[in-house]
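Across the two complexes that follow, chain A remains constant while its partner is chain B and subsequently chain C.
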Partner chain A sequence: MRSARRLVVGNALAGVGALAVIAIALLPVAWGLSTSLKPASQILSFPPKWLPDPPTLASYVQVWEQSNLPIYFRNSVIVTLAALVVALAVSVHAAYAMARFRFRGRNFVLVALLATSMIPGIAILVPLYDLSVHAKLYDSFAGLVIVYAAWNVPILVWLLRGFFESVPIELEEAARIDGCSRLRAFYKIVLPMSQPGLLAAAIMVIMFVWNDFLIAFALTISENRRLLSVGLYTYISNYGVEWGQLTAATMIALVPVVAVFFLLQRRLVEGLMAGALKG
Partner chain B sequence: MHSKPWLASLLGAFMLGIAGSVLAATPLKFWTFLTVDSPDPRSAALKSVIEGFNKSQTEYEVQIQSINYGRIDNQVIQATAAGEGPDIINVYSDLLPMHIAAKTIVPVDAYASRMSAAEQSDFVMPLKLFQEGGKQMAVPWETRVWLLWYRKDLLAAAKLQPPKTLEELGEVAGKLTTPQVMGFAMGASTGNLGAGAYETFIPLLWAAGGDLTDAQGKATFNSEAGVKVLSYLHDLETKYQGMRSTVVSMTADDMVSSFKAGTAAMVIGGSYRVAAARVGLPADALVTASIPGWTAAKPSPARVAGQTLAIGASSKHPEGAWKFIQYYLSAPSQIAFAKAGVMPVRLSVYKDPFFQTPQGEETQRWAAYARESGRLTRTPTDFAKLSEGLARAIQEVLLKNADPKKALDAAAAEYNAQHKE
Partner chain C sequence: MSLAITVTEAPPVATPRRPRRSWLPLAFIAPATALVIAVSIYPVFDAVLLSLHATRYAQKLQFVGLDNYLALLKDHTVWDDALTAVVYTVGSLALVIPYALAVALLLNRPMRFRGVVRTLAILPWVFSQTVTALLWGWLLNPEFGPVTYVAQQVTGGPAALLASPTGAMAALVGVNVWSSYPMAALLFLAALQTIPADLYEAMRMDGAGKVSLFRYITVPMITPTLVVILIQLTLLYFNMVTLIYVLTGGGPVGSTQTLALRVLKMSFENWDLGRGAALGLVLTFVNLALSLFYVRALRSPHR
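Coming up: the complex of A and B.
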């Protein structure tokens, strides 16, 4: 009886705590949404109003039709998808090798891979900039895609290695007995069975690239190559912060990531848990 | 003999390609913090200037790159070091010494000397203010002056007149202050390089007979004049109760937001922000005036600054760059910017009928204030350290009731110890 009561109280406290965390996390977003829908006269009014009266899409029209936000949005989509393809293409093969092949120095390679992802981005930003200029990749999509893919590969290798190790080797052996090559068995057996892991990896890359500011800012200069995260800075001008436009642009930037996350969240959790258990 | 029409076509296409590349306009890279694609009227003005220049001749084509104002200087320095710098650079006057030291820009004497004497003296701020070692390093295209902003609606509701002296400012601020409203606010945070604190402190310091640095670049703001100013700011908080110590967390942006929200009735703000600040405010709510002085005899000197144009050190087309700069400074371009709320630099432009309109008349007043008592601050290359140190000294006094002399002495000593010029 006492333990049942404790369980109920414990669950209630956990629920309250979770709600508090959600409220803290969502409050700025809610305020941003409210600001994006307010007429200019209400954005900085005091006392502050939660609800726009009347709500207006003027800020959204301004950022979408009178600024370069559509270009930044397009650029972010291109770079995110390209980086995703390259990162996955490299890391699935590397992870499979780490999972299945026994070779001298394998553990060292794994640790070294992980160690590289511990280096703070800002520490290598200047050499990256210099490298991109000398390689004529500065201010190009290719330069961004290469850097983003390289940045994510180490963590993806570790994540996917766990998934590949969880696929029973007997299935691959059975396929090879039936005439499949190793590579074909990898593509036909291992990869399909590792879907949760691949989706988890995909979400990690998408969220990283979409939200990144540092690399996008350092390695691009032209409007036609600017990503959304850097483009949002446009609304913080020398003449003041354009709060209505900034919040409208931010809401637009949130939509794809939130949509991807909601659609695939179950797979993400499955993927991360399975990878953690098996790895 | 067989005719070979395909050969003739190929040769023709080849010749056309050659001719095309010879005739194609030479691109000029122009880096600025302004954009051409934004609802801001300045963007429309900039777009019209660039399109006008490109259409007015076929030799050059200006291609603009818009970079956030907080980042443009770092990116210029970075790009120039990599040999990829632009042809024309927009440089803020306060940061000109930094660009000169970083060798991102080259002298424009060879071109500026072609201007007639009348043209050279046709500037609100004399061209010599943008010289270094006797060489003309940049030319201004925009003037900005710091003013007293006040909320006419709040003063009218309290039946108060705008202050004419700093003492009156304290009294008016005290009467306007309520739990929700500060009579006077300043951005005393070290954020944004302490610019908010600096922008309020400087005009008052000059009015008291002091200066930020001496000719050797050593800090001198801890003089009697500096102590007088910091004591006055402390009095605003304690004696007049017209300002709260919460200003130590406000940047210049926060100060403007507070003014717009009506939680600050008076601030010292730049002319360049007035147009944006008026968006969403009731008509005539924001009124500008000269910054009051210590006596009614004259206002505080106007702190003047501005955006300039310079030729990039990486430029392979300095002649083209100068051509664009001249177009940028022409009367039609200046008037286009004036209508967008930018204060022109050319004195002759103020004769245009636009300056008889209410908006134009206000700009005239600003220009008159700038001409009569305007001073340009020559900032050292490590200006950020100086302004942040000054902001910290102000915070010590406002938050902890520190002795103004001791706080300023400490800030000046810290700066002078690390200053290398």
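Coming up: the complex of A and C.
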């Protein structure tokens, strides 16, 4: 009897705790969303008005039609996709070589890759700027794509190597006995069978590029090359802040990552955990 | 036909790695290696060179030896920033570990809608540091922020956190904890799920209470994970720039300016690339030292 009551109390406490955790997690987004839907007259009020009354999309229309947000958004999409293609194409082959070939220096390369991912980004931002200026890649998408792809390569190689190793080697051998080249066996058998790994890798790159601020901040200067996160930041530093528009822009910037998160949460967790645990 | 015969005679199964030298592995790792050398390794050497020169923008002027480093050592504001980084890192760790563990224990309980609860509880994970700083900055806004309003109602006094040095640091640490607890919670959760239920059952049979179950089973079982989390988060916090830059900009009066943020400002606001590179390298060495320290700590007690 007593233990049953304790169980009920424990469950109730856990429920309250879970609600509190969720409330804290959602609070900033909820307030941002509320602000973005408010008519201009209700945004700067103190005490704050909690909910928009009536809700309006005016801030969204304004920010989409009268600011450079669509340019930033387009730039972020282009750079993210390009970095994704480059990072995956490069990492997939390297990871396969690491998984299936024994060659001299293999372990050295693996450890060296891991070691480079320990270099703090902020420490090599200056030389990267220097490098991009001298390579005539400053303020270009190509420069951004190269850096984003390269920074993701070490972790992707480690992640994908594990997935490739778990594909039974007999399948490849059977295919090669049937006259398939090694390359073809890789593309036709190993890659399709490693889809979960590829997906996890893809999500990691997408999140990294979409969410990055520092690299875009250091390597671009013009409006036409500006990415979303830097664009959001310049809203607060350049003009007096229009909070309605800023929160609307932030909500728009969140759409892709939140969509990826809800659709592919399990893969995301797997990928990022693999990233976290490798250390 | 003939193929089938060869197979039965000499099954190739046991020799997946043929001794024959192949160009394939080389061709496969070459692009990745080239990228990493160009964008991670070469820049470190370039940073060393930059740090040994006087610079004007991206131009290296004359060689100055260790002058940039000496200037950093003599600059007491750099030491202030180092102290701020320590306060920020240790303060955040002290809060994030208990919170993340509590969240993990909560998510590990059987409950209704567990899937939804888990998803929502780790949502802050997907927010970039930029977005996190912007949204929290608006919540904490000294004039119109709801947090300011509620704090004012509760304390009855001035409540603009971001306007005072201690308040800004407290707010920054809080926001940092909000943005970084999900990864720690997920790692804790994964560790909790590997603990066999029989272990608890056996000890409960022996009359152990909840506290001793936690103390003698849970804690030792998650300690390795705890160390991994500590390493990850220490480095993350120590090197963190974006969140601080966007939320407080290092202010008010430098109270939230950490060493990593100083690298950014030295380089891209003052355009003193030589000194910025030097401080960046110092930061890298601190990273290495911290990692080694943790690795040794991980090895000593249990193995």
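FYI, the second predicted complex is superposed on the first by the 242 of 279 C-alpha atoms of A that agree within 3 Å, B and C clash if a C-alpha of one lies under 4 Å from a C-alpha of the other, contacts with A are read in each partner's own complex, and residues count from 1 in each chain.
Keep this in mind: a contact is a pair of C-beta atoms (placed from the backbone, for glycine too) under 8 Å apart; a residue touches a chain by one contact, two chains touch by 3 or more.
Every value quoted in this text rests on a predicted model; they were computed, and no experiment measured them.
After superposition onto chain A, partners chain B and chain C are found to clash with each other. In the superposed pair of complexes, A:Ala142 makes contact with neither chain B nor chain C.
When both complexes are overlaid on chain A, the residue A:Gln245 reaches chain B alone and has no touch with chain C. Legend: residue contacts after superposition of the two complexes on their common chain; A:Leu44 is shown touching both chain B and chain C. Once the two complexes are overlaid on the shared chain, A:Leu183 sits against chain C while remaining clear of chain B. A simple residue count on chain A separates chain B from chain C, and the partner touching more is C.
In the overlay built on the shared chain, the residue A:Asn68 is in contact with chain B alone; chain C does not reach it. When the two complexes are overlaid on their common chain A, residue A:Val255 makes contact with neither chain B nor chain C.
In the superposed model, A:Leu114 lies in contact with neither chain B nor chain C. Looking at the shared chain after the overlay, A:Ala12 reaches neither chain B nor chain C.
Contact with chain B, but none with chain C, is seen for A:Glu223 once the two complexes are overlaid on the shared chain. Common to the chain B and chain C interfaces on chain A are residues 43-47, 129-130, 133, 217, 233, 236.
Residues 33, 35, 37-40, 42, 65-71, 75, 78-79, 82-84, 180, 253, 256-257, 260-263, 272-273, 275-277, 279-281 of chain B are the ones touching chain A in the complex. Those residues of chain A lying in contact with chain C across their complex are 11, 14-15, 17-18, 21-22, 24-29, 31-32, 35, 43-48, 50, 89-91, 93-94, 96-98, 100-103, 109, 113, 116, 118-131, 133-134, 146-147, 149-151, 153-154, 157, 169-170, 172-173, 177, 182-183, 207, 210-214, 217-218, 229, 232-233, 236, 243, 246-247, 250, 253-254, 257-258, 260-262, 265, 269, 272-273, 276-277, 279. Within the complex formed with chain A, the chain C residues making contact are 3, 7, 12-13, 16-17, 22, 24-29, 31-33, 35-36, 38-44, 46-47, 50, 58, 102-103, 106-107, 109, 111, 117, 119-132, 134-139, 141, 143-146, 149, 178, 183, 186-187, 190, 228, 231-232, 235, 239, 241-242, 245-246, 260, 263-264, 267-268, 273, 276-277, 280-281, 283-284, 287-288, 291. Against chain B, the residues of chain A that register as touching in their complex are 39-47, 62, 66-68, 129-130, 133, 138, 217, 221-223, 233-234, 236-242, 245.
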